[in-house]
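Each in structure tokens, the structures are laid out below.
In the two complexes that follow, chain A is the common piece, with chain B as its partner first and chain C second.
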Partner chain A sequence: MTAGLPIQEILTGLSIGSRLFLVALGLSLIFGVLGVLNFAHGAFYMVGAYATASIVGAAGGNFWVAAVGAALTVGLLGAVVEFGLIRRIYDRNELDQLILTFALVLIISDLTRTIWGSGTQTVETPAAFAGNVPVLGVSFPAYRLFVIVVAFLAMGVFWYVLTRTYVGQLVRATSSDRDMAALLGVDVPRLYTGVFAVGSVLAGLGGALTTPIQSFTPALGDQVIINAFVVVVIGGLGSFTGAFVGAMLIGLFQSFGVLVATGVNQLLPFLAMILVLIFRPEGLFGGEEL
Partner chain B sequence: MIDHTTDETSATGRDSTRRLDRRTVLKAGAAAGITGLAGCSGGGGGDDTITFGAIHLLSGFASVYGESAQLGYEMAREEINADGGIDGKEIEPLIYRDSEGSGPTGIEAARSLVEEENVDGLIGLDSSGVAQQVAPIAEQLQTPFMITHAATPFVTATEGENAVGNDYVFRDGVNLSQNVYGAAKIAERLDGQSWTTLGPNYAFGTQSWDYFKAFTQGLGLGYDYLEDAAAFPELGASDYTPQINKVLNGEPDGVVVSLWGSDLVTFINQAQDTAFFDEVDHVVLTLGAATDALRPLGSDIPDGLWAGTRYWFETPDTEANRTFVEAFVERNDQQPSYNAHNAYVGLYLYKQAMEAAGSAAADDVTGALEGMSTSAPIGEFSINPESHQAVLPAIWGQTAYSEELGLSRLDPVERIDAPPETIRSLLADSEYPAGV
Partner chain C sequence: MSDIHPLVERPPRSVVAVVGVLLVVAPLVLPSFQTYLLTEVLALALFATGFNLLYGYTGLLSFGHAMFFGTAGYTVGIFMRDVAPGLGLGGATPLVGFLIAGVLGVLVAVAVAVPVGYLSVRLEEIYFAMITLSFSMALYVLAIQNYLGLTNGSDGFSVILGTATLGGFDLALYDRVTYYYLTLLVVAPAMYLLWRIVRSPFGLVSEAIRENAERTGALGVGVRTHRWAAFVVSALFTGVAGVLIAPLHGSLSPGANLHWSISAEPVIITVFGGPYTFIGPTIGAFFFEYIRWGITQFPVLEAHWQLIFGTLILGIVLFAPRGVSGFVSWVVSRATGGESA
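Now for the complex of A and B:
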């Protein structure tokens, strides 16, 4: 093994983890505050990717306009879904939520196929990050480095907003006791719509940022949602520190697993999930307040 | 099993009555100890139409393959029906079933198509893994199965461990051993000494590597095979960079890449980012020249890579092929993929066999298919009566981006003859069946 290989795999693992983190963060946020396990989160991610491809085409190839546009589009989609559908079943049992969000997966996937077809889609890497840069003695794609930075930034922003701002206080208050928050004058329905929309923006952003790295088809959402669930189970549903640590762990498992033997990259995340479920069922950072 | 494509099937009252009657007949037949269930369907007398059931990937990350096959079937069906059908019998709209890339689902689909829909013939299959499980079922059901895409040699081999070839299974496209024989012949001209692979972690990927090793050993090339650098990522993986790092770490001279479809597109883009093509002298893409992958890649795939395929729309340069391609482009606004071509040819083979046999009964059709010669857009070929595999050349070339088409062409493109005797003798010392 050459000296550069472990560093290559660490950086690769972090970039995989960073892509996952953006999805898992939204999933975890929505569960933490609303108590809804949103199966359609992967489908939102996919819509983000397709919206990016379409807007890039329409915006003369400007990736940044497309990424922001896609994130906002998915945020709007999330707000509509929460306001129109999910809001109606908060009082029902969790199975109904699963069925509803799963139905959304099927509807959104088939609509995507109808609109964009099932062929493979690609998006060019934005010119500013097209090349490779030297990092720790190895050559690494600049765009992947950018995605890692975005993930760390997102982590920082969420930590700041949730712990240091008034909005963050409202979110945390509602998350820990919805009825008390409502009695104290928090507009809970509006806050729920807002949080669901923000979670969806993260899914859309994750989808947008992934397009220069991987080609995609209408199956994109199914591929990502399973890993996102593994991340939040390991990290602890509802914990954003957990989502971060979980995502980076999975990314590193996937990159280093490849060096061990074929299939180990897929095995390790699930093995870790099983161990966490047995020895710490609430997740590594579960049980923490948001 | 839910029929995803009810619009493709005619659910008229007459049909359902007929179906009921058939079922009763089948039950009676079974009770009487008659084993030839499929014998009751098919040319069971009095039918004035022919029905085919097609099993493809119609959902998930590779559903584009099922869809491009549908384009081929629909075009062939319309042409055949416009020209008087099969012996005067019209071909009904095909009944499509989704294999979902799963063996048990494929088996269920085959059973349902034969036992409930009474199809005269089965056709399709995209995945080698699924094909290996479904092939024995065709024999159980005693219904001919024309495989159009799945390439594993094990379904057209009857001897050796895991060989599942049988009287009812045929294949009309280039299979893995023919394709990889082409790869070995290409490698023979290159100056690479150490080789490794990057391919999907299932039958197709592992067999592509195994056969490459067997052929290059058979050719006496004396290569070093870097097993420690070989990487088999899962199907539909989103990031191949960990595997690319592993392969590059082995510093191979040449790499056999058997990824396909959107996996191949993702891989090519990520390989560009990691300077893979600069560091590896010889990249051989066994399924690189598939239009379904080349179209989304556009100019992102480097020129000069060796890419194989099972049909390339620019070869052979014959009247028949040009006519087919023009008509296909006219209908679908895209060049025919190998999958569309093989689906198209599959229906014509059934037509030719049924007309030659003067019957659509399973055993008559399989008898006629054995050793049958035909003329198709890909050229003239015959079906080996022993293996039931189409005797076809491997098609290889080097990528060269074409501004005009918006995708890479193969330039130059070659048809590498892959005679069954040659393939068998090269594999004689290996444990792998030739399947040709």
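Now for the complex of A and C:
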């Protein structure tokens, strides 16, 4: 290990953060535009992981086909959920929406166990990224490096789409004033379904990319949703820069926390969330427009 | 809310009396396990009604009430394990020990609620739910990590009630019927107190805050202070429920007493029963417990309890946002032919 920066811990932290970022970005996007805090987002992530495992089997071991297929499957699931259920209660308060999506957590977890069983699932690392590569003087798993690159790419793509394209303008306009956007001719319900589906695709992609790194059970969704809440609250609900910084921060907490004392890596995210809510409730990057 | 039928919102004394008599007689006729279930219903009803003081009446959704439920329970367990056996009060030790443990448990829940509430009520809606969630999860992690060596980590430890000897008379506290009456003796006055609280000016101000915090503030109410007070009172009653559940279950663990899924229980129960009536969470607790038990009677259903509960909650949120009590109220107003108040 080189003297100075603990490169290994930083890379590990970024790799954990990158996976969290994908799921938190979707959560934050949905909250920012629709105003719904989707409790079922972790369950979507879990479905992404399971769908990947199934499609890998069916697609003769091709991980890439499986990851894309899983992300799209979850996107479709999201569109159906938005269209069939959440749309019916947009005029109700946020708490009803939170409770409705909590009901979905129970339903999706149950169906997942019914379809795939409650055993542990694993997916092999795609051949192209098997093994380690040298980075800044340390040897780091190539696949984890790839996930970090994907997260940075996703951040770039979202920044570009939201700030530089027409669709992005419509999304931002609807986010800041739904009624005015509707009056100006934006098809708000369709846009909502679209945004919810895209947010779900991100959850599914996060789940898919996680499968080669960790084995998983139907408890995966519960583990991830609490971390995703922490990330978006720290970063600022609705802020995608915030989701990025929050995710990387939590990732680094996890990788460095274990060095301090056992359990500190689990405790730090909640303490950080409490501190942020006390001193800057809108989040580190909250209050800015999408 | 105002569209709840008065017979449901303020049931006549005769109905209250009949229910009271049924609750007293029940363990004498019920099989042992049913007595256990009914004890749990009483504790859960108190848990959810205490929670609903904050949610239905004050308009704040806490997603961390397990922190009061759990700290009170853990205090009982730790005191009864480490301190109570050495009290040296002869035959009365098991009973007195539990009573002291219970009082301490409630005090600890309140001691947690005072600072946590102060910090939490500065926020509203989703943010309030999130900060209460993070406080309770921080406590959950602390209990798992066992930093103080008191909680035995994720395994937890057991809570066992002894047999008290009072004036030559043996009282087995762990006996299901005895423990049922002990619980009833605590829950009934607690519920009456809660009922008085929601009917008092304090409760009416809470409802005013729920309906419109800004306007209530303009009328001269210190909204934040009032919410803080409601938070602490809610935690107090939740603590009482936590005290009662610990010896009933006979064990404590982070997963069963502090995890966020425990915080979700009063939420589910209240959604079941309906948050806008006093009796709603109690009706919810009854349904929750017996549906849960009914499900365990059929292996097919038991394997899919999440699906069943999820679908029920979904249906209630979509089609009956006032819960079972709202539905009952609708039936009563149809049956009596009168218009609902």
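Quick notes on this one:
The definition used in the following text is that the second predicted complex is superposed on the first by the 285 of 290 C-alpha atoms of A that agree within 3 Å, B and C clash if a C-alpha of one lies under 4 Å from a C-alpha of the other, contacts with A are read in each partner's own complex, and residues count from 1 in each chain.
By our rule, contacts are C-beta pairs under 8 Å (C-beta built on N, C-alpha and C of every residue); 3 or more make two chains touch, one makes a residue touch a chain.
Please read all numbers here as calculations on a predicted model, not as lab measurements.
Of the two partner chains placed around the shared chain by superposition, chain B is the only one that A:213 touches, whereas chain C remains out of contact. In the overlay built on the shared chain, the residue A:86 is in contact with neither chain B nor chain C. In the superposed model, A:77 lies in contact with neither chain B nor chain C. Using the contact criterion defined above for the overlaid structures, shared-chain residue A:197 touches neither chain B nor chain C, since it reaches no partner. Contact with both chain B and chain C is seen for A:263 once the two complexes are overlaid on the shared chain. In the overlay built on the shared chain, the residue A:223 is in contact with chain B alone; chain C does not reach it. In the superposition on chain A, A:9 makes contact with chain B only, not with chain C.
Once the two complexes are laid over each other on the shared chain, residue contacts for A:49 go to neither chain B nor chain C. Touch criterion met: A:121 reaches chain B, while chain C stays clear of it. Chain A residues in contact with chain B (one complex) as well as with chain C (other complex) are 222, 262-263, 266.
Considering their complex, residues 37, 85, 88-89, 92-96, 98-100, 102-107, 109-111, 114, 222, 226, 229-230, 233, 237, 262-263, 266-267, 270-271, 273-274, 277-278, 281 of chain A touch chain C. Chain B contributes residues 59-64, 67, 201, 231-234, 236, 238-239, 241-243, 245-246, 249, 261-262, 265-266, 269-270, 273-275, 292-293, 295-298, 300 to its touches with chain A in the complex.
Interface of chain A with chain B (complex): residues 1-2, 5, 8-9, 12-13, 15-16, 19, 113, 117-122, 125, 132, 139, 141, 143-144, 210, 213-220, 222-224, 254-259, 262-263, 265-266.
Against chain A, the residues of chain C that register as touching in their complex are 55, 61, 119, 122-123, 125-127, 129-131, 133-135, 137-138, 141-142, 144-145, 147, 260-261, 264, 267, 271, 304-307, 309-311, 313-314, 317-318, 321.
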